[in-house]
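Same chain, two partners: chain A is paired with chain B first, then with chain C.
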Partner chain A sequence: MGFDLAFALSSVPTILGAVGTTLCVAFVSCIGAAAIGFFFEMVRRAGGIAGLTVGFVIDFIRSTPVLAWLYFLYFVLPFYGIRLGSMTVGVMGLSLYYSGYLAEVFKAGIDAIPKGQSEAARALSLSRRHAVIYVIAPQMLRNIAAPLGNYFVSILKATPYLAVLAVPEMLGRAFDIASETYRYTEPLVVAGLIFLVLALAISNGVKRLERRLLAVGSR
Partner chain B sequence: MPASLFDIWLGILQGLGTTVTVTLYGLMFAVPFALVFGIAQFLTHGVARLLVTSVIEFWRSSAVIILLFVFYYALPVVGITLSAMTVSAMVLGLNAGGYASQAVRAGLQALPSGQREAGAALGLSRAAILVLIELPQALVAMSPTFVNTLIQLVKATALVSLVTLTDMTFRAKEIAQVEYNPVAIYTALLLAFFVVCYPIALAGRWLEARIAAPGSRSHGI
Partner chain C sequence: MNHEKSGQGMNTQSDCIVDIQGLNKWFGALHVLNDVDLTVASGARVVVCGPSGSGKSTLIRCINGLESYQRGTLCLAGTTLGLNARETAAARRLTGMVFQSFNLFPHLTVLSNCTLALRRVAGKSHREAQDIAMAHLEKVRIPEKAGSYPGQLSGGQQQRVAIARALCLNPRIMLFDEPTSALDPEMIKEVLDVMVALARDGMTMVCVTHEMGFAREVADQVVFMDGGRILDRAPARDFFGASGHPRSRLFLETILKH
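Moving on, here comes the complex of A and B:
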């Protein structure tokens, strides 16, 4: 058989056509994961029983595979009469799974801000709300921008997991072509290369961003 | 009589052997790759470094699920027939090794240059400095990162269920075909991975705390 370059090239447009779906799924999942992760971290910081519980939930999520979470949501939600599209379930799964990791990112981002910052805010008689909005949050954003970007790349690389739920992202399209033609190698290689290029391009951008932010920090 | 959560959990644990085997074989690829390529990236310059970096980036920046399918379907096409176990261990292992290689390189780069200079002043060769002075310190400092990579590797083994290996995830899907109880089955699957990975995570935290302690003491002269 061997590798048929012409066939591989002919599969490029179909697979590339799903690049939008892949990026969209990754972007929405990243926002979802950041929102849940920030909420988790705020509850954990508050302490008490709720804080300990959320701390355990974060550990639990980080100790279990994303594939198991996707199956869990995909099969358990309909059992309770909740019928959602596979794309929605996939985005929920990725958001939930990566929220455990982003909670740690927020934790590190807040811990890295010197205590003097919030003390200075209080000395200037800023309210707690204003202190968080004008003093803590901007510095936290600078601390988390690079790790957040790296997790966006991780989420992007996890989107092909959604092919097992029949979401038409790039790997799903590649398998569609494969099952029509009984040729697996070419479409899979094409999908793999497109993912590699995307991941390298975005992580390069993140690295550049990190360098710029570090330069600002050193001033 | 419907099976209880515990029965289902025991049924899923029948796949634990495969999960552990893939992890151990995976480590046999991951550890040498991480050491060789991490050290090579630290030592080389110019074109050689570019080559080393491209190999690392191929394994590290690709989507691991696609790598697994590509190697599973494509290797026979070019005449290489490997078992699903070997392909899985190689792909998952080299992917984890790619991540770990960055920890090795970062650990070596983070050492103060005085360490190498002191070795040179004592007349040690570059190789001796690397093996006797730099690596022991870098590997200790990086061991919590290696533990995290190990957890990622264990979790990534869930993928082998997609290439016909009977691991815990595959067992869950098998049980789901005879038993309509998705809540119990997939809760049991999550719990099965949790009991494997959580102790490793706790060990990693203990290790991290232990490493941090003597370092802070040595400066308290």
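Moving on, here comes the complex of A and C:
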């Protein structure tokens, strides 16, 4: 039961064939999670009943397993007449789940901006929207580039959960090969290595981005 | 009915930019502003001084609506702040604010710091905004730093940029909240020089400062605050003369000693 290199190599094309699906799901989920998370944080910051409610939703999301969300969206929603494709459900599930975490990241990034910045924006009569777009968000992004990148890698690594919804992503493909040939080592190692390469590429890209963001305006 | 009221008051208010009557503000149980009355005529230069915690910063922050107040009235160019959101916003636009800690936007160049509000609030074109901003940067004698970021400038340079940024929206009154308190001594003069020049140009200003030399040179009214009250107000020469309020004399002696 050694490692059969030839077999491993022969499984590469099949598994690589799913790289597109994995990257696509991860990419759309990152955007979705960031958009929802930022919206959540803005509503929470505004306070009031809506703010409190969203604060509870964020805590709720973060205290439940991502698999529960995926199963819920996939198996429970159809009972209420909402039928969605497995890919859609997968992206929705990951986006929603990670939006809770990203909202916390955005919160930390905004809290770290000195109070004088939004006061200066108000003193210049900028609207709240303009203050967020031109003053707060850019500085927040600079503060959170590193943790944001970490969560993007986490989202990538969470895509195999979608195998339970039969989304043809990489780990699912590797398992298909394994169950056909009863050889688990090679396809799983191949899938793991591809994940490793992708994750390293993302965190490297984020590091570069962070360095560029920090270079702007530094003394 | 509001029109009638403001119409009647027009003659007295046209040359009066700020009219504060019986202003009261509490931070929780702390009574930070206690029945403050203050009027600032167009072209007037008012210096507000007093020990820390006396409410002078809060007062100036109320004038441009950064802080709300609980009782009394605050009229800015004929508009009572806080009654009507749109009118309040329009009146606030007539003020320019300079902070103790500069509060320049660190991710934007000096020029972009100045053009941001021109573009987004005043609705100027890119080109127009740049021309206006450059004119004001020249006025504060720092046009060569237009492409630099705030982090690359000294404190004095940053504060001059902050003054230019506030001037860009063409305010009718400039509010300074301890503009030189965060500066090294050798940089205080370059900022004060800009402020003196501004005063000479006829700009209405309310300035919270401990720079008594500046007060003596440009102020036509000095207001002394302590414990949320205005204890003494006098033309500059009287304030620094022998006739002042005992409490302000004590304050003057303390800060002029060191």
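In this text, the second predicted complex is superposed on the first by the 209 of 219 C-alpha atoms of A that agree within 3 Å, B and C clash if a C-alpha of one lies under 4 Å from a C-alpha of the other, contacts with A are read in each partner's own complex, and residues count from 1 in each chain.
In this section, a contact is a pair of C-beta atoms (placed from the backbone, for glycine too) under 8 Å apart; a residue touches a chain by one contact, two chains touch by 3 or more.
The structure presented is a predicted model; accordingly, all values stated were derived computationally and were not measured.
By the touch criterion defined above, A:L96 lies against neither chain B nor chain C after alignment on the C-alpha atoms of chain A. Which of chain B and chain C touches more residues of chain A: that partner is B.
In the superposition on chain A, contact is made by A:T64 with chain B only, not with chain C. When the shared chain is aligned, chain C comes close enough to touch A:Y134, but chain B does not. When both complexes are overlaid on chain A, the residue A:I15 reaches neither chain B nor chain C. With both structures placed on the common chain, the touch criterion links A:A158 to chain B but leaves chain C unconnected. Shared-chain residue A:G116: touches chain C; no touch with chain B. In the superposed model, A:L124 lies in contact with chain C only, and not with chain B. Judged by the touch definition given at the top, the superposed model places A:A199 against chain B, while chain C stays out of reach.
No residue of chain A lies at the contact with chain B in one complex and also at the contact with chain C in the other.
Residues of chain C touching chain A in their complex: 64-66, 89, 92-93, 95-97, 99, 101-108, 116-117, 120-121, 149-152, 165-166, 169. Only residues 57-58, 61-67, 69-70, 73-74, 77-78, 151, 155-159, 161-162, 169, 172-173, 176, 182-183, 185-187, 189-190, 193-194, 197-198, 201 of chain B touch chain A when the two sit together in their complex.
For chain A in complex with chain C, the residues that touch the partner chain are 114, 116-117, 119-120, 122-127, 130, 134-135, 138-139, 142, 216-219. For chain A in complex with chain B, the residues that touch the partner chain are 1-3, 59-60, 62-69, 71-72, 75-76, 78-79, 153, 157-161, 163-164, 171, 178, 184-185, 188-189, 191-192, 195-196, 199-200, 203.
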